[in-house]
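So the structure is just underneath, and the comments pick up after that.
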Amino acid sequence: MSSAATVLYDHPGPKAKARNLIFSIIFGVLLVLLVLWVLDKLNSKGELTAKKWEPFTTSNVWSNFLLPGLGATIKAAVLSVIIALPIGAILAVGRLSDHRWVRWPAAVVVEFFRAIPVLILMVFAGEFYFQYTDVPSESRPLFAVVTALVLYNASVLAEIFRAGIRSLPHGQTEAAQAIGLRKTQMMVLILLPQALTAMLPAIVSQLVVVLKDTALGSIFVGYAELLRQANNLTANFSNSVATYTVIAVLYISMNFILSMLASWLEKLMRNRRGGGKHVPRALDPELEVRA
Amino acid sequence: MNFDFLSNPDYDILGAFWVTVQLTLLAAAGSMIWGTILAAMRVSPVPLMRGFGTAYVNIFRNTPLTLILIAMSVVLSNKLGLVLASKSSPTFIKDNNFRLAVLGLVIYTSTFVCESIRSGINTVPAGQAEAARAIGLRFSQVLWIVILPQALRSVVAPLASVLIALTKNTTVASAIGVAEASLLMSTMVENESDALLGVFSIFALGFVVLTLPTGLLLGWVANKATVKR
Amino acid sequence: GKKDSKGNSLADKPNKLTVGIKFDQPGLGLKAPDGTFKGFDVDVAKYIAKELGVKEGDITFKESKSAERENLIEKGEVDYIVATYSITDVRKEKVAFAGPYFVAHQDLLVKSSNTKITGPESLTGNMKLCSVKGSTPAQKIKDKYSKAVQLQEYGTYSDCVDALLSGAVDAVTTDDVILAGYAAQHPGDLKVIGKGFSDEHYGVGLKKTDTKGKTAINAAITKMIGDGSWEAALQKNVGPSGYKIPAKPAVTE
Amino acid sequence: MNQPASGSGPNGTPMISMNNVQKHFGALHVLKDIQFEVPAGQVVVVLGPSGSGKSTLCRVINRLEPIDSGEIRVDGKILPVEGKGLAMLRADVGMVFQSFNLFAHKSVLDNVALGPVKVRKMNKNAANDLAVGLLERVGIAEQKDKLPAQLSGGQQQRVAIARALAMKPKVMLFDEPTSALDPEMVQEVLDVMTSLAKEGMTMLCVTHEMGFARHAASRVVFMSDGEIVEDSTPDAFFKSPKSNRAKDFLSKILTH
Amino acid sequence: MNQPASGSGPNGTPMISMNNVQKHFGALHVLKDIQFEVPAGQVVVVLGPSGSGKSTLCRVINRLEPIDSGEIRVDGKILPVEGKGLAMLRADVGMVFQSFNLFAHKSVLDNVALGPVKVRKMNKNAANDLAVGLLERVGIAEQKDKLPAQLSGGQQQRVAIARALAMKPKVMLFDEPTSALDPEMVQEVLDVMTSLAKEGMTMLCVTHEMGFARHAASRVVFMSDGEIVEDSTPDAFFKSPKSNRAKDFLSKILTH
């Protein structure tokens, strides 16, 4: 039984086991009925015919639509995270500074960009590049998407880092001071490396958020990411249900793998530090749920 | 900065933000209810319910909201025939889209509500339940007297972030044509190209006004509610 | 795909071309799964290229979304655009047009079985009309013909057609030839009403300053219309919809 | 294994008896065929190195952990596996944990009165009176309206003992009740335990406090690797442990 | 307050001296006008109930906590308040914490060699040799490539001592170095401390290990409520404590 269950439930006896089995059966029957109803509806609209699903078994559809879309999605996400990481680290150190004139501007930047929807940033960035720069039209959507994602995620990552540094046991700072390390040495040699590893799972989870947010690029700025490939696919095959299903499966598998990676990393960290006594909950719900 | 557009009667900025607020409040209520049910399933001793809860959360949390909302309209409403307004109503399309957007936001946001509640339950040390069982409390008593009161207090902070994220996520409803803030902004930046910064700052300010006080207030409540150990 | 060193005009025998088209419009400009491009606009674009002395293999097609078209030309990112591009005075301030190579009319797409909708006037209250986000045709119907009609807006016409097929909307509106492209995809299921109620002159957009290029393209269009390729291309791309090939346009730009 | 110094209590039925009890955690065999009795009125101290199964021994007695096989009886009755029967049995067995486990959101008084009201169906006032009485007995009646987090460790543990006593248990289990405490607070908790022992409460105590074991215990049980290795009087155990494992353990514990 | 048994060390300058030191945490007065010296070569054990200010006394000496007023000298030099001067002074004062505080992301060897390389600017090889030597001395050279979390508590604390020694400190501060350890591991750490004391290291140790205080200390200082209440030889302190507070404390600690 999972750890959540042991907090809540006693170890089940034979009666409890029988009861659970009966609930399972009732619930299972309801689920099957729901699925059958959905399939029946789709079938009556002709959405389950082989013609609508066959395209996804051809290599052309993958090599010309889905894979380039997937590539664009990953490209935007990875670029955003890579650019946002150092900016986030700087903002975090800024917010932890002893000097008010560093701390305050950093705080304002972080809070501002966390308060604004990514989509609003994206619309702004897209129009900004259109009006004020010579970025070629091909790259403009990518620029807009990455700019918006960087602004938002640098702020979020800044908070992740800050939480990471603050979650380190205070003893690490004290031990570093006690052997005579200076402030910068302490940050660079002791605190940042530990914060980075401790927060690695949270950073990977953030990648999931970024990956999902790239899809916002399909709404106004027309970035040719995975979701936008639905236009090309349905224009050719008029198979919206099949198309959105396949695209959803792609997103879900990618993000699921990343989430698994994040929790695997979290476990690894916990073990490496011995029993997890001082390990912060890396998947801090505060940060995890921000989408 | 150029703010001439503020006097243009075509742009109902307050109206657009009012739609944003309505989307937020309705979706928040729905997500709380459905998210709590999901959490109950995820921690239930019935394996199939746990499996369903886990699968639901993993599927919808990992799908872009944009895709969920588009599917609401294109698949759920058009193909499965789920309409949320009277077909004969003169505002059927507008109402139906708005409600579909709320439903889509609920489907997505409830996964985060569920996970917040579940992690709230997990923050209650196992020793609390053991001590409760050891004095002879039965399952429902352990749950209602000892675990839930403590879990709910640690759930305020994560739920506050969910609410803030939701407020911002309502912008995605523009993907199915709901006339909320971001849709109006995208129209305005195209038409008022000389006032880009002005338009952006108005909409940015709108969201700062919507999210910052919520965050501060709920953060304060969360602080008050924390169980000291 | 920049012009070669000889000069700035398309008339100066370029050896490569970048041409703007639509990627997701069946019958006009569509990227097929095999990576090729199909449609009437594509055929026009290729014919012009041939006349300019460029081999088909030396054409690079580039997606040009409606809102981006003037910008693409002004910045020289494409050499010319053939993408259901209506000639208007506002646009002429920024770019030059050759053609028109086609005159389209705003029209309605409905299910073949639909007998109630016969034209824009028959869109009574509670009828649901679909068009793409931010497009003018739908607004035109509301303003001119039927205030009571309800508007569903999607990101693409494909979604509109999908909604029409599943009965969620009653009609889709935009230029007849675009609608015909979809009708051709679903022969027997959909029909274009055929009562066009406005004229859209499709032109080939190019740099405002390139007068020589404009003349060359005009010549190519005239030749295409004259030698039967024009009609053949239309027949091939939108014919199956039952759409009546309209009269040949006069090149006036 | 040896089985001296015990037998059955005054009324013949041992308060706790374990017969061939086996318990695994996955592949780990943590209780190996345990055969063991605690007669009414006895105070049994369980010693042993970390991981030897002492806590598990305690926890299976009120089924906080289920066992794989064997039989456990409390006051002659077989341990029920679930439901109301199990809850009622647990109410009869008081348990005190290393980490106190007071209900963090309830006042000290409510912590103690909760069980009598909810389980024993006592009325609220009577339960409060009972609770105040017990809090006086453990010496912290004046803290009754505070939250647990406002108390020192020693005080919290005394509340935990009062909470267990409020159920009027037939037997008390203590799992290292003092090892999470600051040294000066150990004694106040041991004092309460010693006075309980003197009053004739049946007690099973896992503890490293050798003073308590020597002076208050009727028997000392030494566990190692899931087995009961020695079971003798405190005097016999500390003066002449028989097994090498016990000798080794004592030498480590007693030097400093 | 009494001030016996001390004075100044062989060379006249006390290694640590505190003059009229005051320290508050908010409204709480935790160090009350402390007047106190540790001559070179002495081993001073600080005793006192929880919250009496023992840790704070230790921590102000290398300014992990700033003081409100008064003067602290280490080896005759006034404690700098910040910057390089403070860092260099801290390097001269070794400190061992209750919770070890090893750098969790660095190997045992790197933990010990880090200070010499980064602070003393020793070259990497020489620092490693020094570290291996010290690890041998505390008996865990063979663990040098492991991460701290892979070691037992007792081993970790010995690494922490080696880390402090690697800076060749003039004085060592110990803040309850054994109270986070399982009972079986206490002795191995005390052994290292005793041998350090024998070699003449100046040491200030907060500890509840009475055996160590009796046998290894030159002086025992008893604190209560932020004051130094007694300051005498171990014999005098344990046999005849003068103040009631000390008597009370000893009675609580020594009974069990």
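Labels A, B, C, D and E are assigned to the chains in the order they are written; within every chain, residues are numbered from 1.
In this section, contacts are C-beta pairs under 8 Å (C-beta built on N, C-alpha and C of every residue); 3 or more make two chains touch, one makes a residue touch a chain.
Note that the coordinates shown come from a computational prediction; the quantities given were computed from them, not determined experimentally.
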Query raised in the report: Between subunit A and subunit C, which partner chains are common?
Result: B
Query raised in the report: Which chain is most remote from subunit B in terms of Cα centres?
Result: E
**Report entry** Centrality ranking, top chain (CA atoms only)
**Finding:** A
Query raised in the report: Between subunit C and subunit E, what is the separation of their C-alpha centroids in Å?
Result: 84
Report summary line: The distance between the C-alpha centres of subunit A and subunit B, rounded to whole Å, is 17
Query raised in the report: Where the CA atoms of subunit A average out and where those of subunit E average out, how many Å apart are those spots?
Result: 47
Query raised in the report: Which residues does subunit B have that touch at least 2 chains other than itself?
Result: 74, 79, 128, 133, 175, 190
**Report entry** Per-residue overlap in subunit C, given as positions that touch at least 2 other chains
**Finding:** 155, 159, 162, 166
Query - Pairs of chains, among all present, that meet the touch criterion - result: A-B, A-C, A-D, A-E, B-C, B-D, D-E
Query raised in the report: So in the complex, which bits of subunit E are touching subunit D?
Result: 49-50, 179, 182-184, 186-187, 190, 208-209, 211-212, 249, 252-253, 255-256
Query raised in the report: Once bound in the complex, which stretches of subunit A touch subunit D?
Result: 10-16
Query raised in the report: If you look only at subunit A, which of its residues touch subunit C in the complex?
Result: 45, 55, 58, 60-61, 63-65, 130, 134, 136-138, 218-219, 222, 224, 231-232, 234-236, 238, 240
Query raised in the report: For the complex, which residues does subunit A have touching subunit B?
Result: 1-10, 12, 16, 20, 23-24, 27-28, 31, 38, 41-42, 45, 47, 111-112, 115-120, 123-124, 127-128, 131, 208, 212-216, 218-220, 227, 230, 240-241, 244, 247-248, 251-252, 254-256, 259, 285-291
Query raised in the report: In their shared complex, at which residues does subunit B touch subunit D?
Result: 125, 127-128, 130-138, 141, 145-146, 149-150, 153, 227-229
